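Each structure below appears as structure tokens.
The same chain A turns up in both complexes below, where it pairs with chain B and then with chain C.
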Partner chain A sequence: MIALDQARTKRLTAIHGWSGTILGVLLYVVVLTGAVAVFAEEIGVWSQGGTRSANGITELIDRPLRDIARETDPRALEEISISKRTDGAIRLSLHTHAENPATGESDEFGALYYLDPQTGEPLRQWEGFSSEMRRDDGGRIALERFLIDLHVQLYVPAPWGLILTGILGLAIMVASVSGLMMHRHLIRDAFLPARGNQRLVSARDRHVLASTWSLPFGFLLAFTGAFFSFAISLGLPIVAMVAFGGDQQEMVEQVIGIEAPADKTPAPLASLDYILAESTERVGTPPVSVAIAGYGTAGATVTLFHPPDNGALLGTTLMFSGADRSFLGEKPALCTVPSAGSAVVSLMGPLHFGNFAGLTSKIAWLALGAAMSYVVISGMHMWVRRREDQAVWRRFAWAITISAWGLPLAMLGSAAAFFLTLPAGDPTFWTPMGFLIAAIAAIFVGLGPQDPSDRFRVVFAVSCLALPLLRHLTGGTAWSDALAGGQVEVISIDLLLLALGAVLLWQPNPFGRREDGEHRRSDQRGDEIVLEPAE
Partner chain B sequence: MTGPLTILALILSGIGLAYLAVTDPKRRRAFAQPVLERRRWKLVARLLVFLPGFGLAFLGDVAAVIIWLGAITVLGWGIAALSPLHIDALKSKSREAAGNYAMRLAGLATPLRAAAGVVLGSLSWALSKGVERVTPGQVPVLVLPSRRGDSARIAELEARVVALEAALADLAPATEIAVEMPAPPLALAGNAS
Partner chain C sequence: MIGQGAIGGLTRWAEARPLLTRWLLAGPATLIAALMSMASMPLFLPEGRAGIDHLAFPIVLFPAIWALLFFYTCLEARLGRAIITMTALIGAQTLLILSAFMGG
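After this line comes the complex of A and B, so read on.
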């Protein structure tokens, strides 16, 4: 693709290989958990059940809001946010901002309510700092939360986890660019599959083919991921320090464009149900969340966030006056007037999360994540195959196999721990512990003189088959109830696990095991391809 | 419409990609397949790959275009990763499965005919006796055909031939390749192609 001399090609190979090898296992964790986290919402519905209604806020919430606001400390009425949980309940948060003595950082302080979507009556309620409320509330969403945390910050405390995943995103970008420069016949080899099963050149073929096709979106996902990681961990704090005297809340409000109400004259909020209905009519879909600033004042504003309409990539945000329910206009993602920067930042989310077109886009993003996981594992596999005459690299090859199978096994373990502890235990604690226990168990499965792949395959297959049963036995939503409640996710994920388990158990290699003697080539030629000088 | 449109576009693009893969000269050389003698419609296939994406863009479905762009890379990888060996194996497996299915159908034929005989026999008996007089207790035990008809035996034999052919096809390519393959210097990135 790009003509390079031999020395440069060697240097690039070293950068590509060593960065991939050193960070490979972590990259694999981030990429595979990211692929799974695309379906975090569906996993939430599958794991916790509940009565899920249609997406978006369609319920009448004006009366419950007024009732609760009447009994709430007026300071907490500064900001109100309303959204829908995966179990169908309406989440109502009324808060102001104050320094949390436990952390020494600015935090949301106020009250949090979960309302029954049918009656509007509070199901649960908390008061205090947001971070503490999240910990109390985390039980039912522990599994989806854990998978997201693992992807976003590898379960490493902030901000180090975010910095680490940001570095991993950069590493993927470096690997993409160096791979592109190293492989000179990218287009010509686009249809060249692996020749044979066991040889080094086959390992190279597999890695090159998968990475060739994954290159554009791999780069895109890595770039957007690194952007989010660094923006949250470094970018925003630095901007806050430089331009806002360290006040991150002030900076967020300025950047997002939430202005404090200018007119603080007391005035009742106009009918929220009317505003919801009008906003829904204007956009065509109900909003997924609502933010009210300055409740009870003449300058109050109501901001409604609508998901992307059919065929669109971005959602729509509309603003209304809270006092007289007049339409104030469409709000860009950043600041108050449209800009190129706002448009670019708006695109980052859908392009990284793949959640802009429901299941279709999520399935595509899952496939992209799976392909990238394969690229990472096949790359590490190729690297150690070239050095398998050294004991240390043979042990590393073992570690790669254990990681490749151990991570999905550990994710199943976290789900099992969640189901076992959801009825009466503490899923927030036990979900990550389940992951840890399953990961340790995976290491033991991987020990032994023989290649552990077959053992892992059987253990993983049995785990896949057992998990839906465990979910059912521990009080999870039954298929009949799921069908009645329109929770397709419950049945789909159960069936997916059962199918995966069955395929792995009864069909270890769908194409049959064939020896690779058909195309005998020197193993060393596989190395030479990469290291050849440019024509 | 995003979902169905994207799937349709992916099917069309997939056909184009499959054609490009099967007729790819480097791939054919690497797997010792004979050089393609007929004309390679490369441009048409490339148009078939890309036009559905442009079509989605023309329809203004941005989400579908992005999904198509992402999915086409995974689909392309999947198609390219299927080597001629995999395709041969799949073909022989599907032939084998078809043979087994045919045999099962042939095996089913006799009981099906017997069941049809029961129904028709009951019907003709009921008609001869008058429908109003038929009660469960009165339905006679019909005599099942004890002699298998010629057509059933022929169907069974045909199914066995199909299965044997599939097994033979499964064995044949491996033998041929093992004997013929080693010689040609393969299409390495550096010097061939």
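After this line comes the complex of A and C, so read on.
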């Protein structure tokens, strides 16, 4: 604990409690959906069914690109990007930048194709401004996109959703730092000993234990999350206004290191398949995205991004000449030469997404995210319990319980709606609707004179057990096909849901018994100034 | 003398309303100061080898600057000093940005 006088400590306690209470439900939504979104890619594979091709771009794409480029407005050949979707399709975007008359803002203008990974034939295609095209992609990635959108901007329109999640990130920073400053026995509480009947008996014990372990993680996630939210919604426009007279596109191009080709003499692109193979051989893994600048000119460059591999923290980006396929060198994340700014910015992604050490770090991020979710809910419960003699706080306690169980139930509802509508419906529409319907249903489950926790536990457990069955019945990948196709995600997520459902049905209170009267009183000693375990 | 009198008057006004003053300092004043810091930093930070450090660091540091100012305004015992510090910070950065716009 940092030495603080009583007035400052009291002020910090009020900040810690009120910030968590006022924004608590939204914090819980952002934190829990973030913990789940760590596995968004795996959820995408699990939910889509079919056979997924290998990670990264391993297909021959030179011929399809040339065929499409011949038919495309030459202005749109200024920038070409190629990436792989989780359903296996190749995403090919050919675009320039122009002012969108509908919005008055700079937008990508050109064509977008989804290509069959086997034949290279277009599956779908759109033309026009980027912000107005697509979304109508058959809905195969609707579930993972919904979960990510919910976490990133709470389904609030841009830029307000990003600003809102940015504010929530700052709130988590405040709660983490104030918790650290108030904490009297940080190290001791990380190893809180069992007491009495060998259980962590009070809600405050459990809150302190979970928050002690997740404190550094919470600060890290809040800082990087606030960076991502504010970088686009506030940082880019403000810095561009000062440094580039408001031209955000020019700033983006300078920061990313996109340079217009110096030599615009017409020249055919060298074999893209050769460059892909060469880049894959140099790095050891196939690239997940390719960017071509100045297609059809002697100054064209091909930039290939390879994800981190073999425990590396950061990915690798290589550049080749588009005209003669010669290797130009390794490119930093930002700009074309190494810099401190690029190093710091490139660390933000791995630290926020937890993907720097493969499955191990993702599981750690999921577990710590779940611990943070518990910290938010238990903190709100503690705050309310001290005020439960007032009717308004008792009603708020009810709302916290409904939110705590309702959010995971609603996420299961969105997945159920996705599975039911994927074969013949519109999953892009019905996935968020499923969330909404399940959330409303959760409110009804929570109504009634008795504590709804047990009702929620049974409903949630049954939903967890039913979802893998529903996935299978609606044409999802069978376990035998998943095993044959190496899709361990399908079996793992099914098993995780089944295990969670079984544990909740079998163990009525998996988080330990409810606090008894003695410890309940210890939680009610008024607004605690110092957080420490009861002796 | 006039300046000292004004500061003294402001300090007395603030200390008579500590809760409101601290809300104003930790809320709008901190937000404005953090945004102004992000806007002014590209004007004085070194560009670095790649010419992007002065653009990247203000955006990366924005949450940290906000948090630092937030805790300063919450924990500073002397409200008058907090008012002067925040006013000076916002004023200096406003001048810097204005001079850059008018000069450029």
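As a convention for this text, the second predicted complex is superposed on the first by the 499 of 535 C-alpha atoms of A that agree within 3 Å, B and C clash if a C-alpha of one lies under 4 Å from a C-alpha of the other, contacts with A are read in each partner's own complex, and residues count from 1 in each chain.
Simple rule for what comes next: contacts are C-beta pairs under 8 Å (C-beta built on N, C-alpha and C of every residue); 3 or more make two chains touch, one makes a residue touch a chain.
Here the structure is a predicted model, which is why all the values come from computation and not from measurement.
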Partner chain in contact with A:Leu368 - chain B first, chain C second, else both or neither: first
Which superposed partner A:Phe217 touches (first chain B, second chain C, both, neither): first
Chain B versus chain C as contact partner of A:Val177, first or second or both or neither: second
First (chain B), second (chain C), both or neither touched by A:Gly341: second
Chain B versus chain C as contact partner of A:His472, first or second or both or neither: neither
Which superposed partner A:Met251 touches (first chain B, second chain C, both, neither): second
Residues on chain B engaged by chain A in the complex (per definition of touch): 1-3, 6-7, 20-21, 24, 26-27, 30-32, 59-64, 66-67, 69-71, 73-74, 76-77, 79-83, 85-86, 89-90, 93, 174, 177-178, 181-182, 186-190, 193
Residues of chain A that touch chain C when the two form their complex: 4-5, 7-8, 11-12, 15, 166, 169-170, 173-174, 177-178, 222-223, 226-227, 230-231, 234-236, 238-239, 241-243, 251, 254-255, 257, 332, 334-342, 344-345, 348
Residues of chain A defined as touching chain B within the complex: 183-185, 188-195, 206, 209-210, 212-214, 216-217, 308, 310-313, 350-351, 354, 356-361, 364-365, 367-368, 370-371, 511-512, 514, 517-521, 525, 528-529, 532, 535
For the chain C and chain A complex, residues of the former touching the latter: 22, 35, 38-40, 42-43, 48-60, 62-64, 66-67, 70-71, 74-75, 77, 97, 100
